[in-house]
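So, here come the structures, one by one.
Below, subunit A partners subunit B and then partners subunit C, in two separate complexes.
Let's look at the complex of A and B:
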């Protein structure tokens, strides 16, 4: 889901570049609390793994493929702040070395895949783990659902950017519909990869799964990081 | 850090190297969801070049690093497609791990006390 140069105009691209820089600075500031001697190499591994799996485009329809974005996977393994930094690291390396995703579009791409994709994945995972068990199977189901919805939400980030600064006059509802449709299918693929990966790590090394250590399961048990939509807890 | 954790990191890296270095050659070559949407409305030839119609991709500009030795997940100078894709993928995994782990290690929290007891509360 890497936007190329010229698809969104320079002004809107610049605004999102500034937004991406601010968001990443916040992630560094907040992520440092999570980053200890054990999480730092794990985060490097998560970034390298996401890079590898992003190369594996899978067919979703004749003539249409998709690949993992990785936001939900990163959230579950290393947490939301460091997770967004992992996905951003991948996007920056892909842009600078592999000519994948335009340099002027880097802010747009970081916003969609690293910020929106991770934030949506985080909110969904945090919400789902309030009701689903913190077992490998529970994590797999959580990862699958959060991935499908997270990818569709991230795809609508592009629709917003195109609405603000698209360089061709096209029907926005049509773009939104096509993006949501194909990314629902891509999200299923992402969900399967996320579920398999997280469940595997949870079986081998549960202590390295952020979602097993940090997310609060029961509402009201501790002042947790999970946002509560309930008025009476 | 414990040896057991480094073993896990090493095993994980090995999996990533196999995925990027070998399995990547079996990946679909079709445009991804966004590229498909960007080409919707245009006609393309067998090489995927746009031949007519109105679509987002008509405004697409060249990439700044299109001349990079690793551009488009290949390696400049290696014509064998499988070898080039596999090697550039494996290099990408190592570079990403090196830069990622290096940066995360540099900005990590250095206080020796356990992280679980000092968790900040979230605010959205």
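Let's look at the complex of A and C:
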């Protein structure tokens, strides 16, 4: 859900725009540490992937189709910093080329989906992987739980922004409840797809799963690791 | 692939607006949107003026009104929210056709509807008159951080390739007699998403190695030239200046 112009007032939008710029500057710095000169090509590719996946509409019920947001998926595959950069790039391009989401609400949208969504997703993934097995199944469970909760938390970012600068007086618990309810449904679809996607990647190329990186030295954590091209580069 | 990477919202013909350099158009749309958003919601005449400006630009850019109206449906979820506001709002209430409506909610609904629609129309006009490549060039010339324009450039280049890849995989699945459609068949869909990621990432690694061997050092060569003339800045400044005049006049009235 992309916030449009005029829902949250100009002052609060400006504050969140500044916040988004600072957060993204941090992501660029940390993303370079993860990818160095591969940052632009690889982040561009992941952004294109998220975009392509968002275009593959999946029929939830006859007549109702949903699509993936991809935040938690990006976090698990390329890490929180590059993931946030990718999601923000997708949001900027959607805003400028597809008129999806207001230009003045870009800071709000980036804060919710790229910063809060990926941060929550990453913290959950990092925490859950401590206790769950580092197998494709464990990753799938992690991905599912992190997606559902991450999407709901990101939706509560909107509630916070509306509380600070909503243009109409509404009962806040009602908005929070509606947003949480709708996004739990979205999150379940998101979670199922994230879980299966990550499990597929982990079976074939576990070296590509960022979430497994910290555990890579442990023998037997994932089966059939193939040598990465990364070391050759 | 060297062509201008058209995107679904680009209208490929020639007009005064199409010929303007991208950076001046982006600046004009951004300023216009900000002016619309900061206008107090009860200045109804100002919003009529803003709408008139959109009509004028649409006419100059020769964008068909029906085309614009069809694409503007992207904001429908927010129109639905706006419809709900008069019922859910607080404070003073009026009765209309037997329904009790909140005055604040009615203003709020108008606010979202007017500002949202004008913003979407302005963005659509920008998208209709600017190719994706030009848009990124424009952002670059507006001093948008290089790392973003680079990520976005790669993203746009890979996007068509990935969409084609996804389409081929779908055709392959359909031609083998399987068409996952419903929630309980989500696994087949997600497995192909995973396969798409693997193909894409391995392609990305190959492309990156190819770039390295051609001397890539983490920076793309900057596009030279293409600065906008004062006349071009003045032409596109007409939109935000006119909007600002309307807004100020309405508030001072």
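Assume the second predicted complex is superposed on the first by the 194 of 233 C-alpha atoms of A that agree within 3 Å, B and C clash if a C-alpha of one lies under 4 Å from a C-alpha of the other, contacts with A are read in each partner's own complex, and residues count from 1 in each chain.
Methods note: a residue touches a chain if its C-beta (ideal position, glycine included) is under 8 Å from a C-beta of that chain, and two chains touch if they have at least 3 such contacts.
No experiment lies behind these values; they were computed from the predicted model shown.
Once chain A of one complex is fitted onto chain A of the other, the partner contacts of A:4 extend to both subunit B and subunit C. In the superposed model, A:179 makes contact with subunit B only, not with subunit C. When the two complexes are overlaid on their common chain A, residue A:213 makes contact with subunit B while staying clear of subunit C.
When the shared chain is aligned, subunit B comes close enough to touch A:155, but subunit C does not. After overlaying the two complexes on the shared chain, residue contacts for A:34 are found with subunit B alone; subunit C is out of touch.
Of the two partner chains placed around the shared chain by superposition, subunit C is the only one that A:193 touches, whereas subunit B remains out of contact. After overlaying the two complexes on the shared chain, residue contacts for A:103 are found with subunit B and with subunit C alike.
In the superposed pair of complexes, A:20 makes contact with neither subunit B nor subunit C. Judged by the document's definition of touching, subunit A residues 1, 4-7, 28, 36-49, 51-53, 55-56, 58-60, 85-86, 89-90, 93, 95-100, 102-104, 167-168, 170, 174, 204-205, 208 lie at the interface with subunit B and also at the interface with subunit C. Of all residues in subunit A, only 1-7, 28, 30-49, 51-53, 55-60, 63-67, 82, 85-86, 89-90, 93-100, 102-104, 123, 155, 158, 162, 166-168, 170, 174-175, 178-179, 182-183, 185-186, 204-205, 208, 213-214, 223-227 touch subunit B in the complex they form. Those residues of subunit A whose C-beta lies close enough to touch subunit C in the complex are 1, 4-7, 10, 13, 28, 36-49, 51-53, 55-56, 58-61, 68, 77, 85-86, 89-90, 92-93, 95-100, 102-104, 167-171, 174, 189, 192-193, 195-201, 204-205, 208, 229-230, 232-233. Contact residues of subunit C toward subunit A in the complex are 7-9, 26, 29-30, 33-34, 36-38, 41, 71-72, 74-75, 77-78, 81, 85, 88-91, 104-105, 107-109, 111-112, 114-116, 118-120, 122-124, 126-127, 132, 135, 145, 147-148, 150-159, 161-163, 165-166, 181-183, 186-187, 189-191, 193-198, 200-205, 207-209, 211-212, 216-218, 220.
Note for the complex: subunit B touches subunit A at residues 1, 5-6, 8-9, 12-13, 15-17, 19-20, 23-24, 27-34, 36-38, 40-41, 54-66, 68, 70-73, 88-89, 92-105, 107-109, 115-116, 118-122, 124.
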